[in-house]
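All remarks here apply to the structure that follows.
By letter and in written order, the chains are A, B, C and D; residue numbering begins at 1 in each of them.
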Amino acid sequence: MTNGATVEDLREWVRAFARRIESNKDLLTELDAAIGDADHGANMHRGLTAVVAALGDPGLDTPAAVVKKVGMTLVSTVGGASGPLYGTFFLRMGGALGDAQPVPPETLAAALRAGLDGVVARGKAEAGDKTMYDALAPALDALDEALAAGEPWPAAVRAAAAAAEAGRDATTPMTARKGRASYLGERSVGHQDPGAASTALLIASAVDALGADRERSTTTAGAAGDDSAP
Amino acid sequence: MTNGATVEDLREWVRAFARRIESNKDLLTELDAAIGDADHGANMHRGLTAVVAALGDPGLDTPAAVVKKVGMTLVSTVGGASGPLYGTFFLRMGGALGDAQPVPPETLAAALRAGLDGVVARGKAEAGDKTMYDALAPALDALDEALAAGEPWPAAVRAAAAAAEAGRDATTPMTARKGRASYLGERSVGHQDPGAASTALLIASAVDALGADRERSTTTAGAAGDDSAP
Amino acid sequence: MVFVTWEVPAILEGTAVMKKLINAAEDVVTEALQGIEAAHPDLRVDLVNKIVYRGDLPRSGKVGVISGGGSGHEPMHGGFVGLGMLDAACAGEVFTSPVPDQMLAATKLVDGGAGVLHVVKNYTGDVMNFEMGAELAAAETGARVVAVVTDDDVAVQDSTWTAGRRGVGVTVLLEKIAGAAAEQGRSLDEVADVARTVNANGRSMGLALTSCTVPAVGHPTFDLGEDEMELGVGIHGEPGRERIPLAPARDIAALLLEPILADLPFRAGDDVLCFVNGLGGTPLLELYIMFNEVSKILSGHGVRIARSLVGNYITSLDMAGTSVTLLRMDDDLLSLWDAPVKTPALRWGI
Amino acid sequence: MVFVTWEVPAILEGTAVMKKLINAAEDVVTEALQGIEAAHPDLRVDLVNKIVYRGDLPRSGKVGVISGGGSGHEPMHGGFVGLGMLDAACAGEVFTSPVPDQMLAATKLVDGGAGVLHVVKNYTGDVMNFEMGAELAAAETGARVVAVVTDDDVAVQDSTWTAGRRGVGVTVLLEKIAGAAAEQGRSLDEVADVARTVNANGRSMGLALTSCTVPAVGHPTFDLGEDEMELGVGIHGEPGRERIPLAPARDIAALLLEPILADLPFRAGDDVLCFVNGLGGTPLLELYIMFNEVSKILSGHGVRIARSLVGNYITSLDMAGTSVTLLRMDDDLLSLWDAPVKTPALRWGI
């Protein structure tokens, strides 16, 4: 998407996310069993399955329409904490996408940040609370920085994915202060946050779908969860 | 008790029975777990504990009074199927003991048979139903036969105990037709009947207390359940 | 002659650690009765005789209705004491029928001069102990006692050569309905007739997913494989008729209903009370799934659910599993079922 | 950049065989709702929106009271729908809060023009989804909605730095009492005030003897050793604050009551509603033993049990364990508690 993201690019991003959620469903649930209630994988899988089905709805012909539809579908099907949070992320992101087609990299980055702001508005999480914020915020910082430094989009989105994974991993030693894991206090230390783990999959999916030339992204997309090299 | 059973002999019989029940409590319960409801050991232990305590009541100065008291106490404390059955056994036996002190062997044998009749009147069991009847009836038959053949009491009561054990063992291949085990139908085959097992202990206790000269019976009585030779 | 020394199985050695909210195993029944007394101001408890009874006894001219049985089936029977149901319940040790002295004491407590109905589940021990209790009561007080024995469990072959069918789920329904008849002022014979009608028109069958653990024993009564269930269990942790592989709720419902429907037999057009009972360790969520499957099968047979009851009412301690009871209703039974009842476990109309 | 391939734990491979009375794990909630509909003729079920609601809605001029939450806590909330309690309950997936569309639909169903109270347990997901549901309702219908959040679990540190305390047992009592206030015709503000009073005066704490097994997961959420219990658990199979050795009921009662009594604090002379709740897999026999221990401790503190509730009312699927809730009562709360209620799980006076 060197010239910007088309509607099809964004659909592919969401589909790639759905595939990654599907192949990591049980792992997300196991992470949630350790410090939550053992449903994050099932929640996200239910939501993304509905999202993929909804992508076939008529009238989804602009990037904003697609992304808002994703948000509405997640709000209506996920439940739990992740439903409103992921839902709000996509709804706000869709609202910030504007009309440009394809969406230029800077607009896309700004829309993603609007999504992050929505997550914060809804959930009040701060850095270090051991939530999806701790994967999402560093990812978007890395994206902005790379773009500001003049890096091409593929490199920038790869930097974002790396930062998301680092952010995800950094949740392990944290003490949870938001969500269900906060009930555990000190006992949450030593476990990776499930929402941060699913967020890292979201950004990794952006690499799949938006992070390289069109050919590569579509041919490797089926391998979500099986990626073993950059 | 070559001259007959004294009050003290009968008390000692009951105490020996209590000791044997105590040391075989868990086994009786295990037998009952296999084809019943896992309480025969606890039931009999509760009852015999109460019986031993009741033996100290004032006024129990005749064999009949002691044995009736045992029956009443068992009825009032055991519950389940075994409570009314063992209770009726002792109540009827006590009723048949008469006034003779010490109780001559023939009277004792007749009283035991009256007890058996009580068990049958209450529970309607027949030979082969896989119940306590299948240990008790052969034991009393053996006792009567030995006495009729002119055997001395100690030999007769040992014959009775041997017959009780054989009767107990013979319940294993039977299909239960009475009590809780009858619900299992064919699946009761291959398990020893718990009530027959406790009845074999009752007759074995008679050997402890009544089956030899006074000295032997009192010195070996503490070893209930540990007997390893005739 | 050799006295064999039986070895105690290793599992029984030492104090078994049990996952139960209890103090000492031997105090379980007494302490639970104390809890009932503390929780329900309308009820009284005789701790010596282990009887739960109504605080307003005896009610002159009213037929007394008592029941009782081993503990471990809660809320049965203590939770069914109160206006419109039982006047008193005798609690035995866990899974052991109460003793005659208890039935004697309860009979005396509830007798208001119109006689007393004994509701007895068909187990050898229960039947014999109630019989002796009634004999004692007749001798001591002259009270007229009629016993009605429940034997609704179609898992057990009924035959004069066996102890006969067990009394299970129908007991709950019978206690409610006979209790209502007594509360209306019907005579002992009439109340007993109603009770017999309930037993004659009710059938049950149960299934266990796990064993239960008797506190005094400390380990499960039977072992069930990870992928097995026990069909035709009773309520005392006694093994059932058959061990079969795990199956979905819809198959379980069919397995339980088939012998029930065939036995009475229930017919198209019959009105039934459909009672899906939990055995103690099964969540209500699953009981409603069972109810859904049962109701589908019944409607396939044209049998109409006139009334329903879903929950844990006659249990086997912590056993996971369910039993289904169908009771064919007529107008009298319906109005007695609907009559006011005020007990810890069943309450309506008041 | 390396995408790590996470390995699926062996326990999750293949279809886990589960000892549950279910068909497919994904149909558990829908089929249980169908069972509720089949069993309770007074209630209606919207299977699309997964809502259980009263058959006589909307009641003009009456404040609507709705609640909802993840499934797996039955009878909460669907079993509390009916006259004098909830008008509707939204069922989420097992242990997952329902979605805003459900709360929107339920709010529309129950709104009789006097506004709607949302009873929300304090979990991040529940709070956010109810919030969004209320926003949608305000935008779409203009209905006035007030949400009251329950947060009575003293096992959780209350702090602005955390998600705050969980809503547990008090939710049941609040739904009954606020439902009665609404049934009396009180205004939305008055009903919400009563609800806040209940939450402010109630405290709870729970303990698990076993984990529970979520149907979609197929194995226990946490592992507890044979001789361990988990103190301070919530109702979602989430681990508690502390893992401690098994203890007798009297020690468990003390462990649960100490932080409850200290927190409000409850004082000598206080009248309380004492609620001993089972988590789903614990027999009633044990809950009464717990009630006995709890009542002894309370009387030692001079706290009077004015009302009591014993049973499985807010559960965690098949978890063995208990929670204790104390609610300090005043005359208004007492009369609202005593007011008629007609729901599948709580019923009296009618």
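Heads up, the rule we're going with is that a contact is a pair of C-beta atoms (placed from the backbone, for glycine too) under 8 Å apart; a residue touches a chain by one contact, two chains touch by 3 or more.
In this text the structure is predicted, and so the values were computed from the model without any measurement.
> Strictly by the touch rule at the top, which chains does chain A share as contacts with chain B?
none
> Which chains make contact with chain A and with chain C at once?
A chain counts here if it touches both chain A and chain C, which gives D.
> Hey, which chain ends up farthest from chain D, C-alpha centres compared?
B
> Could you please state the distance in Å, as a whole number, between where the Cα atoms of chain A are centred and where those of chain D are centred?
Going by mean C-alpha positions, chain A sits 32 Å from chain D.
> Per the centroid of Cα atoms for each chain, what is the distance between chain C and chain D, given in Å?
Using C-alpha averages as centres, the distance is 29 Å.
> Measuring centre to centre with CA averages, how many angstrom lie between chain B and chain D?
One centre to the other, that is 55 Å.
> Specify, in ascending order, the residues of chain D that touch 2 or more different other chains.
Residues of chain D touching two or more partner chains: there are none.
> Can you list every residue of chain B that touches 2 or more other chains, as numbers and ranges?
Touching at least two other chains: none.
> Treating touching as the only link between chains, describe the layout with one word: line, ring, star, complete or other.
Topology of touching chains reads as a line.
> Give every touching pair of chains, nothing left out.
By the stated definition, chains touch in these pairs: A-D, B-C, C-D.
> Spell out the part of chain D that touches chain C in their complex, as residue ranges.
Interface residues on chain D, with respect to chain C: 17-24, 28, 31-36, 38-40, 71-72, 74-75, 79, 209-210, 226-227, 229, 246, 248-250, 252, 274, 276, 280-293, 295, 305, 308, 310, 312, 315, 317-318, 320-322, 342, 344, 347-350.
> Can you tell me which positions in chain B touch chain C when the two form their complex?
24, 26-27, 29-30, 33-39, 42-43, 46, 75-85, 122-123, 158, 161-162, 165, 177-180, 182-185, 187, 204, 207, 225-230
> Write out the stretch or stretches of chain D touching chain A in their complex.
1-3, 5-6, 8-9, 12, 70, 92-101, 123-125, 128-129, 131-132, 155-157, 161-163, 166, 214, 216-217, 221-222, 234, 236-239, 241
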